[in-house]
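Sending over a structure as structure tokens; questions will come in a sec.
Each chain carries a letter (A, B and C) given by its place in the written order, and its residues are counted from 1.
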């Protein structure tokens, strides 16, 4: 499949400069692109790379429009434009509609005729699956789950009973949606399980990474709003709510009943304790534990800076004596005060 | 399914006050409960919520018994009582006994006739499965695994060969029990694999979260004692031993050959290095790395406090100079000493 | 299966002292070994254990050769030797060659006749699988994946389309190879997905732990070189490159486009940010976040030392005031300077 620049711009907008009839078959980086490939320049600071590229065409912004003579598409957001060109050139393989003979479908399931159920998948009773949705190999969909249109579950995704998945959800292999939250009452030295009777409810246009887990609510639901993007191996506990268009990097853990605002960005391996509120537009650094609610948008961090092990050891030992260190400083200050007084 | 307060108390104990014939169909929070639902008050500090609730009945302790006129059950442990009421009202769906036609069972497997093997499950040779146990869709049970009674493996749990699972185990989807521990010997720049020939042995009444991994022992076994509760995405390395009734939150990693005591509580994303001993009744905060054995019960922590990124950066830079800071304080103290001497 | 010491040394090298005809059926620790088992002493500091062991034979180094009268094999690397003896005594169960009747194989797949495809596995179109390779129960292999010889995929491994796996790969259950990297462009408050069109390319003799995830490249490939060993629940983002013979412990997260050198060792739950370069022979401590490139081999750390919670709290509060503390010290130093001047 290949498109001319003119065809691309006709579909996706943008202004073509140079030879609009050049055919583009693939996207690539400026370093790797060949003559039938298109690349992009999202940041003027890499402008020098344009002189060396062998790309057939480039996507760039108005500010860089004169930095190359290559055929080019001018866009106000070259990176987003590039994403769309790539999606045009790399459509997902079409899945065969219908139920594979090696799949099992429960009673009362309502599957859109354009939906595809792959081999070894098991669909529970009363499940509803929308148009063009693809349930991958070996997926398990629990009883009464509702799945929207245009959803793609990669192989071996598990969705427990009663959960609700919006349109255009992408969930990668090993994701587990709706397992029991971690809830127990202590009685005489033993943990008594609290049945987890809430659901997971997921909005539209959400992506869920490989081996990410989202627990069902204890009593009320766990909620993931529209446009949320979750990377791999994230753990979302029961009754968490994640606001629309928030993006979370890999290995993050979010404890129970915490509410996260809209358009937040959370770095890899960060953590958020339970029963907190995080405002909209909050950025949290990688490896940072958030232990209190954040009421103000902005950027937050708590990373211990690394060093050579011998330097780290020499310095870190004092972390156990910071309070004493502070008192020693205070004593010095007081004695200075007194000696000043004495001198007066 | 619904029960009157009188019927509930007849089964679970506790003292009924008010209309004992009111019918209860479900549990809910004080905020969300309706007239056929029961809620609970576990902490007197939330007593004010009782005045606004529309719950049909409430579970509370003796201390709060007069705080509402609603029909109520008095219990010394309202939260545990609530857990039991919820279990009564929300029984797990009954699984169909027997082997699904789309499951595969190996030679010599001994399956209790009341056990249920779901579609796409594969049961190895010589496996033993006890009464009422449910092996979910797509589970894999390796050769010679022994599984007790009343066990529930949710879809896509994997148990490697020879492992032993006690009664009433609950394991959620994606859990992997008995994969090889991470053991290698270095020889001339290459890693030589140490075969992992121990097992995983799990006691009774254990719960294992989604995508949690428990490695088999290298030579001896990895052991999880009775009543242990493990949340999602926990990694337990080879030859770890976890004492009875210990509870571990999500994303914790425990390195090889460490022994953890009974009734410990470990917060989310914490870590414990290998070959350590952790005493009984130890509490470890979230995000805390334990690098030495703990011989005394109590609460331990090591969390770097978060802040606005600009504040964090301003402060964190000094972590690389704490030793120097300490020496500067010492010099000031010495010079004070000397000037005191001079003054005498 | 049992071998005499003489037979073992004939296969694996080493020098036998004492009764070379004693039969050895299994390996064990010095503490647990019985009379038909062989143990090892890798470190002279545990030499005293030799006097109590009931092992039938021991593997040890020249330095310890006189520390016991037991039958023994002398090796320059007792631990690696032990690994090889264990592999000899504990061969993996032979898999049945061919395709299980409950497996599904796509058109054009080229399976070596000695390869084994287990029940519930699904093999995509155009897949190539080499000699003696075993695809476990419920694995999914995407279209056009190439798998070398002697590979063992444990049950429920997923490999997305087009990926390349070298010879002798071991991948444990729940591993996901080739899921989409986490790449989005922001446009008017929404995330636009960047199609991930690179692959994962894995060399020979690699081991991948349970529930570990390795994302496919965005444009170019994600690369894991020969001999790399990855523990459980590791997350490797798109376009990461890991050098040969590097070993990474559990729960580590590596962000996109980072290159890690050869023979590195990375401790559990560590993290490495994106777009960094880590030199060869770097050791990174557990729980350490690497936020800048490391150009020099050596050992690096950033662990906050744990303590009793009340001590930690007392000390940690000052972390938010280190900059102020530093200024207070500076003021004291200046005032000392001035008072010295005054005194002159």
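Keep this in mind: a contact is a pair of C-beta atoms (placed from the backbone, for glycine too) under 8 Å apart; a residue touches a chain by one contact, two chains touch by 3 or more.
Bear in mind that the values here come from a model prediction, so they are computed numbers and not experimental data.
S.K.: Building nodes from the protein chains and edges from chain pairs that touch, which of line, ring, star, complete or other describes the result?
M.R.: Complete.
S.K.: By how many degrees does subunit A turn when fitted onto subunit C using C-alpha atoms, rounded in steps of 5?
M.R.: 120
S.K.: Taking all residue numbers at the subunit A/subunit B interface, are over half used by both copies (same) or under half (different)?
M.R.: The interface is built from different residue numbers on each side, given that under half of them are used by both copies.
S.K.: Centroid of subunit A to centroid of subunit B, CA atoms only: how many Å?
M.R.: Each chain reduced to its C-alpha mean, subunit A and subunit B end up 26 Å apart.
S.K.: Residues of subunit B that touch two or more other chains: which are they?
M.R.: 102, 120, 138, 156, 174, 211, 233, 251, 269, 303-305, 307, 316-317, 319, 321, 325, 329, 332, 339, in rising order.
S.K.: Give every residue of subunit A touching subunit C within the complex, in rising order.
M.R.: 26-29, 32, 77, 79-80, 82-84, 86-87, 90, 93, 100, 102, 118-120, 136-138, 154-156, 170, 172-174, 205, 207, 209-211, 227, 229, 231-233, 245, 247, 249-251, 263, 268-269, 286-287, 303-310, 312-313, 316-317, 319-323, 325-326, 329, 332-333, 336, 339
S.K.: Hey, which residues of subunit B end up touching subunit C in the complex?
M.R.: 102, 104, 120, 122, 138, 140, 143, 156, 158, 160-161, 174, 176, 179-180, 182, 184-187, 189-195, 197, 211, 213, 215, 219-220, 233, 235, 237, 251, 253, 255, 269, 271, 273, 283-285, 288-291, 298-305, 307, 311, 314-319, 321, 325, 328-329, 332, 335, 339
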